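Listed after this line are the structures, all set down as structure tokens.
Two complexes, one shared chain (subunit A), two partners (subunit B, subunit C).
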Partner chain A sequence: MSQRKTLTFSITDPPYEDARSTTALRLISLAIERGCDVNVFAYEGAVALPFAKQAPHANAVHQRDAAEENHPNPKDWIAAVLADAAQRGRKLDWVNCGLCVDERGVSESIPGTRRGSPADLLKFVEASDNTLVIPTK
Partner chain B sequence: MAEYLFIASRDPFESEEVKHFYGLALGLAQESNTVTLFLVQNGVLPARTSSRSKLLTNLVASGVEVLADDFSLRERGIPTARLAEGVKPASLGVVIDQLALGRRALWN
Partner chain C sequence: MSKKILSIVETAYRGTLEEQDDTVLWLNHVLNGAGAEVSVLLQGNAVNYAVKGQDASGLAFGGRQQTQPPKLDRDVSTLAQKGVSVLFVEDDATERGILLADLVEGVEPIRRAALPRLLAGYDQIFHW
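Right, the complex of A and B next:
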């Protein structure tokens, strides 16, 4: 990509519900890999994606403990993408809607994400080359 | 003329809404706009030759570029040899490239 672009993604789905969350994280990761700066506005249930208290669990059916099960948590994927962006010198600005956070009691978010409001989405859109809204079903 | 990127994540067997989404893409293509339909998640299911894949081959015949996410195809065990005529496998990176070029993007 000859000129650095800025893309904004607006996401809505909560974790563990729909493949849209996985696809959104794939897109964010690819945008960073391809040299873009990225803004993410997490709205509604998506504010729980970077919730710091997500915990892996054992699986009795598989007869595995938590370590053996190696169950992925979205907060870890987000932390990995944040680290990748920092390593590549790209910006990844992840904003959680504060009202949505309070409603859901998920204020403990991983480092590198921040609290904001829908006004941040407007600022993101105005400052971006393009925006993709990924709505919930 | 404008350039559009339609991202279809839903299965037309699951929702009639998908056909309307395809219809919007078709209408824009028929008005000489450039349109890519990118299938992802369960949106790739009609890409496998089936009773619903004609919806996609009709789009291809009308000038819509129809791409199917290769990762979603692999997840669902759909080999590229079974794709409907004109539907091409593609990396999700196509979405990033087209967004960066300023395509107007719609997700369903």
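Right, the complex of A and C next:
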């Protein structure tokens, strides 16, 4: 049986700006499904992805109220991936760069994520089989 | 033994006025301080980060003035002074009319054709 792999992802895009955040979550989720432990270092705008105060809203154009629209915010996707990792017995360690959090005022992050620093990124890299940076362009 | 990291900076001047620096150069300063064996490659528009004498001062809105504007040439130079290998893609500099004499001390040119060999010498490539 092969040894469990650990992957690190460093992401920088804020929510609702482009498809890279979704791509990152797809990769993170798939890595967990395939038995990897995953570290995430959220840097710059990506620290807003798990911001706890994100809220769904009604959509008049779609003629649906908030419940019918059933629109998961990024924090909800992240919570779901965290829950999936826990259920599978995999580790998902999500670290938000603390200075980036302070600059953006998004300190209220969902449970299962934590505040850290670039030193955590270095620890992740050293302990991982591979690291993927998904930068803002 | 720590992993050798090459950090490729390509997207330039993204949020630098708001941040008062480049977040990726900043990150590499911190990683170096934390003991990482990191090198930096300036590529594409980011080769301009090494051009000395940049002046981003003067930003003001209403009565609020920016007093600590980004100094990217300084941040590149201090990385090199800390012993970090800072390279730039010579072809990208030439295409932009940037001469070696325009650049801060301590940065080293590398031809685009030599990049595969350079990249092969690192354990991790962070392409920002």
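One rule holds for everything that comes next: the second predicted complex is superposed on the first by the 136 of 137 C-alpha atoms of A that agree within 3 Å, B and C clash if a C-alpha of one lies under 4 Å from a C-alpha of the other, contacts with A are read in each partner's own complex, and residues count from 1 in each chain.
We adopt the following convention: a contact is a pair of C-beta atoms (placed from the backbone, for glycine too) under 8 Å apart; a residue touches a chain by one contact, two chains touch by 3 or more.
Just so you know, these numbers come straight off a predicted model, no measurement behind them.
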Worksheet entry | Simultaneous placement of subunit C and subunit B on subunit A, clash or fit | fit
Practice prompt. With the two complexes superposed on chain A, say which partner A:A79 touches: subunit B (first), subunit C (second), both, or neither.
Written response: neither
Discussion item. Looking at A:R34, would you say it contacts subunit B, subunit C, both, or neither? Reply first, second, both or neither.
Written reply: first
Discussion item. By the touch definition at the top of the document, which applies to A:V133: first (subunit B), second (subunit C), both, or neither?
Written reply: both
Discussion item. Just checking: does A:R26 make contact with subunit B only, subunit C only, both, or neither of them? Give me first, second, both or neither.
Written reply: first
Worksheet entry | Which superposed partner A:A52 touches (first subunit B, second subunit C, both, neither) | neither
Discussion item. Output check: A:Y43 vs subunit B and subunit C. Expected answer is one of first, second, both, neither. What do you get?
Written reply: second
Fill in: subunit C versus subunit B - closest C-alpha approach in the superposed model, Å
6
Fill in: subunit A residues contacted in one complex by subunit B, in the other by subunit C
130-131, 133, 135, 137
Discussion item. Quick check: in the complex, which residue numbers of subunit B touch subunit A?
Written reply: 7, 9-10, 40-42, 71, 92-93, 95-97, 99-100, 102-103, 105, 107
Worksheet entry | Of subunit A, residues touching subunit C in the complex | 10, 12, 43-44, 117-119, 121-122, 125-126, 130-131, 133, 135-137
Worksheet, complete the sentence: In the complex, subunit C touches subunit A at residues 2-3, 5, 11, 14-15, 23-24, 27, 30-31, 34-36, 124, 126-128
Fill in: For the subunit A and subunit B complex, residues of the former touching the latter
1, 5, 7, 19-20, 23, 26-27, 30-31, 34, 36, 129-135, 137
